[in-house]
């Protein structure tokens, strides 16, 4: 058990290092100086309060998106539709943020709840179709992504109203922006959403590992037949899992709508938050702490990557590094084998000696 | 004496665990050689070594006197070794023919020559009397036929040394009878067989010799002759005396608990597999259902437990209808269920034993309060049950997956019995278990009866039915065609009735 | 405009739109039939589009003219197959989670392709290729009324895609190779005991998938986008996955699903230009293809069962 | 990309000298459209003033919309004298950053931001579109022309309405097919839309659809190869090359983001930063125009174009930009 924990920490760390090594090789091959590159990257992540603020800001939606994917995974479902749920959540958050005039104590929670519910509603469709008609959730969620893209654009245009391809800004009473945090981080867009995101990770953990519902959801994820035998409503749980996953996804949208942007723009294509969420969830091993850390890593590399451009290194490099980190983490078994080979060789040598006697 | 196989001083380790420790097994040409041992003794492991699935850490294998190095099943196939695995190695959505020819397909141009393949399959199946439908999908055929396919696979490849790993564990008595005939025919054709089985009676019936292993260690090889008895074999196997023919006390039936009237249930294909069934069980009695697989057993259990809709008829539990209630409601009305497939229904293998112990009660106090689990209580409960039912597990935190089959079964029984259900349904509760474990489980069933529960036992082992039941219901084509007293009947009569014979004809046949 | 005229417009669009989807979905089938989940189709298409365009540009420069896009497709097949090793090696040898890998590979493909485009051309997107795959009128057939909807103004690559679907069907369901491939995806241990090399079969399945993915990307690039940029392949791979599942992992089914997508897409795009349909608010037309797919799945097609062992690393001796 | 050996950690540069930087939108600096054009303008300005790429002038690329602000801030921190945001999507971000860095000068392309340290660079795309509309209206044989837009928005509407006005001015009977792909990056959609339009005998299509327009060219080339007489009118830059080898580019409507950017940079360097002003580029100042590649346009058509150009510059014609303006304009024709 202790050994498991050891590898659980060692493998991601080794993977990050190996990913950086690959990045260095690519930089060398591209004619860039990797030392300067990493210097710039780390400066871009940790160098100033500003960059730390931006990293945290970028992490908030990723945490939510990651939690959304991870939650479904935990119950044996692949919610590839987070992207669409983010869009509808974003839209509803902004809509509530613009449309109502309420005190902050009501307005902000209302906007957040609206976003969560919108995501939940959108996610419930693949869930219901899976439960009722056994339609593969991967196709339906892919289709729902496209539908979300076009429907939100249409609603932005015709219901909420846009000027120059964007809505007006949400009222201050619905905004997550925090002048304090902004000042603290030298005008980054860091907003209160990060606290909600961390709280959400806690909620995630609590639901799955502390509640009766979580016991059921995980059982359904592991073994549907046994869950049915035990009297759990398998179909109900499938829908519920999608719904909860959708709440997280919708809130990821709220992070953007009420935090980073304070508005919503017509989208000509997907935001990418949902797809990044898949990577974050998987890198974080579908566990809440892992998701938070993975989101921070993702956000940090992306923000740091922006400043690598200062010395001319194309931002695509970051994608390559992240991709390799994920590949290495996924290949943890190989890393383990290598480590064990070293250690086992020693013990085996001892054994042989013992046998000789 | 000519040996076709000699496994000498074989050692196989899994990590630090030694599954086979210096085991020797020698197979003579033309013999049926039984391999006996408790669950987890290392029998399958040894055979997997012979078949090239595992590489031994030490030891030597000789085939027809030649030292060989069996690095893969391919090598084994080339050496004429075929294996029928404990858990069938069949692709469910392939046809019988496809499964047989896989890896050695006859070709016509680029294509598989299906006509030739079918012809070859038919020819072999005729030669050895292994009736199969070459075009049927595996998922649609009975377990017995699946096993014949497994045997055909080896014969198709020209194997003359056959390994059977617990072939009878999943078969009905009729099928076992056929299997024994098949084995005898194979021997007559010049093949040699290694047979793993927990059924001592089978060993006595067909085997020429028997090798016993215990906890990975070689115990000995004996001739099966007139001097050999089942109890001596059992003793060799477990190292103590086993009371496997225990006589249990007499039943004392009380009020009616389960009352099924004219029940009709359709299976997944829409066929009425339960068709007008009547059955009643009283408190304090064990009713055994005897029937050939596929006569409605599965659907009957599923209908009672709420896993399948009943079309018509009635199911009363303590005079209240439980027909078409949700599984949870059925459970709460007082039904316990030891399911037939423990891995599919009985356990969440990726949950700890502790989690599994509350699979139906997790939402109730004290395990759950206001939607919040109290895992402390869960583990407490698990500890008590583990102790009480002697479930061998390192801890209640251990994943169910890591337990041996016998211990998994014990865990399920512990859970079901502990809920004190009025009706306990036990479906194939001892399948694949060794005699020691079987003894334990039978005792538990009788104990439940003595506590005044109604027990419904479904088993394909007539011996088990006869031994444990207080009353036997014979199931044929979805109906109970006869109720018998185990004291006044025997396997022959039962077998006859199960095959559709009429009671009054018994004497004449 | 009559019904036939509408079809004369819609069918060629559907055929053009479907071709890359069919090919990519076939790739997905080979991989998943061997037991390896292929979320990486998108990335494989990116690599295919990238290598297709780069080779087409280079070959054109070398003076190969009209042959250059066809040769470029062959190169894209090879590149796709090689690139798929990023999926095959960790998934098959190191027991890595295949979904995770797929997501990573999609990311890697975009990053790497654009990085290389910058390295090769000093800018983030390529020029347009001078020699492309063009739409053709099939001699004789394109003059026959009704039938001409299938033969006028069409890409030969559409026919190739359809032909490949039949070939793939034949290979998977009629040949020994196909039987072995499927057995490995359904029950690898059974296959192993029958002397089939599970590792080898899975490598072949994934690499065929890489080849198809590469080809699909190259077909798209050399016939439709004609250049390569970060947005050239944007979601087509995921639609191909949907087509694969919709088609129940059967090449002909996937082809049908892809053609269905193509047809729905064509109607949705052309709808605005057609009488009656142009009265419908555009958003309904835009979402129609996706909505129709969902309805079709829920109403008609229903349950789709994946190969049983898909996504599960094969570990010898594990039960 | 801007490859350079000197390291600049963004913490401020002690060296003196004028520095200009731009932040691309998600299209990137090679979008063959306004990002690229803006970068070309800056490069020209840099070379003319002996600035070094990377230290004197540079661009930062945005992969996502959320990158705009950090990118702008990076340049502001590095004390760039002029920071350009390319694309109206950056309006809000540039406004915010301008508030935070009151000492820096900012400029935004394609949209108006009212801040004392921001200059707004906008174009009269409708005027340029009018001219190519004239070309289309006079070139079409079927009296059917088409317009393919990227995403339906105020900006692209300017292209559409200017174009329609031009067509109607010279060919009131012409049918104009309008379609928005709702996507700037879907070549296959562009192709399908074009295929539908050409299939309905439209013979000239004007696109304002970015990467989606690529598909329009593809379809036109295929048709031309098979003997159909079809044309495409390009947008933003001279897209004659996109029409090769079949030569389907009738002409293009160019938007000289490069000259505009160069102009503003020069003014800023000279101490004439148009602080808080809207700098509008239309036909008059060469900010929009019909592309120099005009070989495919008939002589008499070109004369007409010149004529209209003059009228617009002289203010005799006011080219509509919005739907309402177009309605008014259409009414005035009758």
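In order of appearance the chains are A, B, C and D, and numbering begins at 1 in each one.
Note that a residue touches a chain if its C-beta (ideal position, glycine included) is under 8 Å from a C-beta of that chain, and two chains touch if they have at least 3 such contacts.
These figures come from a predicted structure and were not determined experimentally.
Common neighbours of subunit B and subunit C, listed by label, are A. Ranked by C-beta contact pairs, the top interface belongs to chains A-C. If each chain is reduced to the centroid of its CA atoms, subunit A and subunit D end up 36 Å from each other.
For the pair subunit A and subunit B, the distance between mean C-alpha positions equals 46 Å.
If each chain is reduced to the centroid of its CA atoms, subunit A and subunit C end up 28 Å from each other. In subunit A, the positions touching at least two other chains are 150, 153, 269, 314. Multi-chain contact residues of subunit C (touching two or more other chains): 118, 124, 231, 234, 282, 286. Multi-chain contact residues of subunit B (touching two or more other chains): none found.
If each chain is drawn as a node and touching chains are joined, the picture fits none of the line, ring, star or complete shapes.
Residues 31-33, 36, 39-40, 43-44, 47-48, 50, 54, 58, 150, 153, 157, 163-166, 169, 187-189, 256, 260-263, 265-266, 268-269, 271-272, 302-303, 306-307, 309-312, 314-315 of subunit A are the ones touching subunit D in the complex.
Chain contact summary for the complex, subunit B toward subunit A: residues 305-307, 326-331, 337, 339, 344-351, 355, 359-360, 362-363, 368, 371-373.
Those residues of subunit C that touch subunit D in the complex are listed here as 1, 8-9, 12-13, 16-17, 118, 122-125, 127-128, 130, 132, 134-137, 153, 220, 223-227, 229-232, 234, 265-266, 269-270, 272-273, 282, 286. The part of subunit A that touches subunit C in the complex is made up of residues 26, 29-30, 78, 80, 125, 129, 132-136, 138-140, 142-144, 146-147, 150-151, 153-154, 269-270, 275, 278-279, 282-283, 314, 316-320, 322-324, 326-327, 329-334. On the subunit C side of its complex with subunit B, the touching residues are 174-176, 179-180, 182-183, 186-187, 189-196, 308, 316-317, 319.
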